[in-house]
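Every chain is named by a letter (A, B, C and D) in the order it is written, and numbering of its residues begins at 1.
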Amino acid sequence: MDLPVLVINFKTYTEARGAKGLELAKLSESIANEFGANIIIVPQVVDMLGIAGEVDIPVFSQHLDHKSPGSATGYIEVTALHEGGIQGTLLNHSERRLEISILEQSVQLASSNGLKSIVCAGTINLSRAVSSFNPWAVAMEPPELIGGDVSVTTRPQAVKDTVSAVSSVDQSIIPLTGAGVKTAEHLGVAIDLGSKGVLLASGIVKVKNQKEVLEEMAKIMIKY
Amino acid sequence: MDLPVLVINFKTYTEARGAKGLELAKLSESIANEFGANIIIVPQVVDMLGIAGEVDIPVFSQHLDHKSPGSATGYIEVTALHEGGIQGTLLNHSERRLEISILEQSVQLASSNGLKSIVCAGTINLSRAVSSFNPWAVAMEPPELIGGDVSVTTRPQAVKDTVSAVSSVDQSIIPLTGAGVKTAEHLGVAIDLGSKGVLLASGIVKVKNQKEVLEEMAKIMIKY
Amino acid sequence: MDLPVLVINFKTYTEARGAKGLELAKLSESIANEFGANIIIVPQVVDMLGIAGEVDIPVFSQHLDHKSPGSATGYIEVTALHEGGIQGTLLNHSERRLEISILEQSVQLASSNGLKSIVCAGTINLSRAVSSFNPWAVAMEPPELIGGDVSVTTRPQAVKDTVSAVSSVDQSIIPLTGAGVKTAEHLGVAIDLGSKGVLLASGIVKVKNQKEVLEEMAKIMIKY
Amino acid sequence: MDLPVLVINFKTYTEARGAKGLELAKLSESIANEFGANIIIVPQVVDMLGIAGEVDIPVFSQHLDHKSPGSATGYIEVTALHEGGIQGTLLNHSERRLEISILEQSVQLASSNGLKSIVCAGTINLSRAVSSFNPWAVAMEPPELIGGDVSVTTRPQAVKDTVSAVSSVDQSIIPLTGAGVKTAEHLGVAIDLGSKGVLLASGIVKVKNQKEVLEEMAKIMIKY
């Protein structure tokens, strides 16, 4: 996958649910194709497979349970994701933190089933820690900024240190950043600081001019 | 909904996943319609909405998270279920037990969003306990029999006592039973003992002659 | 044990920790003995056995883990409590809610090891629900009042309904109430409403005149 | 603290509970003093403070909850440990794994209250990961060997790689190893492989000749 990458988490926002979720997925696909930008969409769990059947850009899961197929009523099981065309998963999102051994095993489970994993982490130390599990990407998001109006890029040193911390463990892991990212400018700053992309949610999902914001972001992305 | 009811939990069995899950859903629908039997299907989480869009029999969720729409990455949120045509949910399945206060609140959350809840319980005392939360139905399943070859109906006194325990709290709650139920005969015995239906999984999902077993069960059901 | 009973939860308050905890335990003992009032103390976990060795009134645990002796590093194991002279345990306190099946099993584990259990519940329905597990006592505490300045006795109907709900399951279960209880008057009202005692914490632990408040409460208790 | 160190986890073994726990603590103290060996004892939670008041060797906690003093009924709170003379804590033992962010914060909480932390980890990657939190020590224990008859020292490469992984993050973190360690010879091999000590439980707690085994281990330790 070419970098940088824009990862859009639909969370369980009503603005990105059901038919609206599919619409946002289609919009993301059309902009990705028009600009040649790499956009990953992460719809809510129950919409995910339906959307994956309708678009050609990568669809990731918001979570993955460390379970085998079978006796796992109510869980999100990896082979069903793979079969349904899901290409990766978030893990350890700040709204869904995991027990540390389960996290290590979930990264392995994703990987051995052909899914990329983006492991979220709230601090620089946690970013380095989770890099030891060898995920596809690590997304550092200070929890106190998530969903708010202050972009993580207002903390340039933290972004730089995260990039260094992740790379110090393994240079092939993709360092991402997120929290409060709402504009193409934020995106540009994040990339200038060494981040290979951003993880965002409300900055796209909850704005009225989704198309415009996405287009501006795509224009910035393809400069790199 | 007319009683008795047959509730088919697809779990995360590979035999009831993706295209196969839809096939089983269609089969269930056709038998429900042919015989006038009440069949509820409970597909795995990621398949649920897709199947709900394709069949007219009730589709239930395997689980529901006690979360509000929005900042709940990776969770199963009730308004998305309602919007997607889901009519109810299992709660507290033996493979996904809940904290007691969360369970009470989840029953209320389902109910206030128009979803029926089937609360699972592993003992007679637990069946009475969860009846206090006023769910639509209570399904008693001894955990040690789930997925096995011994039917809960080999313990007639336990089934009868569960029915009494549930009804003693509120006569409008539907007492169900499950675990090891594999044949129309098991189903008949369960109903004779006072159960208003059964919850089953492998007994349908993992057999080769699904159609035949379902038809036999439907024939028994419509006698009551 | 004679009723009514006063249950003092030391929580992890600094005012009832270590030497101060032992002091409060001794004060409780002396007032219990002087007035013939029944006072149960519930010191913090790490102080519990030391205090139990120093006083003759009942000492309860704040929690009990559903574990067998042996491979349970970091847990509170019941046989160690029994051997150390602990006579009972709180379970499902609002600050430490339990998974519903674990709660049922923990009540049984306590009972089969000779410990009384006081199961906490935040609503009337939960009080009735947990009564099905046959604990020694059920303590209804609306979570929003715990640690605050509004006594549960300002909701007389809720207290009465809890007493009825608990008794409707089994008349031998002791209905207690708590949250915001700070004065002898609150205690008296609670008992008049049918409660067989109260569970309190800050109302004793965090006041300067502990002796005076306890004496007034003891005077009320022995009138019943 | 001088190295190497012998860390004895009493777990909740009946053989190291109450009076027997105090006896083992005293024995450990006498051997530590006689040989000048560094022995840390980790009694079960409810015995811990009583034992800390009776011996002069370091007493560690088996666990620490990430809670503030006050409204934390049933939890193990750090300031109570510090006040009671506890010098450190195990964290993330295989029998009590932690959510990854809580683990990071628990290490900080211990440290800011003057307690050393020994973070347990089941794999080499996890050992490196938790080193990012800057604990006092990291103890690698393959879960499948814990409590068994095969010593971790039968996997020399894994021990060496753990030592390297921990040191690669921060040379000041003490690499320990454990699982199946039962003899002075195992201890010697572990130290030869770069481990600065061992964590053991049944190897001391459940043997009849505790004194003899401890003496032999102490003799090995002081050679380094």
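Going forward, a contact is a pair of C-beta atoms (placed from the backbone, for glycine too) under 8 Å apart; a residue touches a chain by one contact, two chains touch by 3 or more.
Owing to the predicted nature of the structure, the values given are computational and were not obtained by experimental measurement.
*Asks:* Are the two sides of the subunit C and subunit D contact the same residues or different ones, given that same means over half of the numbers occur on both copies?
*Replies:* Homomeric contact, same residues on both sides for the most part.
*Asks:* Could you state the distance in Å from the CA-based centre of subunit B to that of subunit D?
*Replies:* So the centre of subunit B lies 47 Å away from the centre of subunit D.
*Asks:* Could you work out how far the Cα centre of subunit A sits from that of subunit B, in whole Å?
*Replies:* 34
*Asks:* Of all the residues in subunit D, which ones touch at least 2 other chains?
*Replies:* In subunit D, no residue touches at least two other chains, as defined above.
*Asks:* Take each protein chain as a node, join two nodes whenever their chains touch, and name the resulting shape: line, ring, star, complete or other.
*Replies:* ring
*Asks:* Which chains touch, pair by pair?
*Replies:* A-B, A-D, B-C, C-D
*Asks:* Please give the residue numbers of subunit B that touch subunit C in the complex, ascending.
*Replies:* 92, 97-104, 122-123, 125-126, 128-130, 132-134, 165, 169
*Asks:* Name, in rising order, each residue of subunit A that touches subunit B in their complex.
*Replies:* The contact residues of subunit A facing subunit B are 9, 11-14, 17-18, 44-50, 61-63, 67, 69-77, 79-81, 83-84, 90, 93-96, 146-147, 201.
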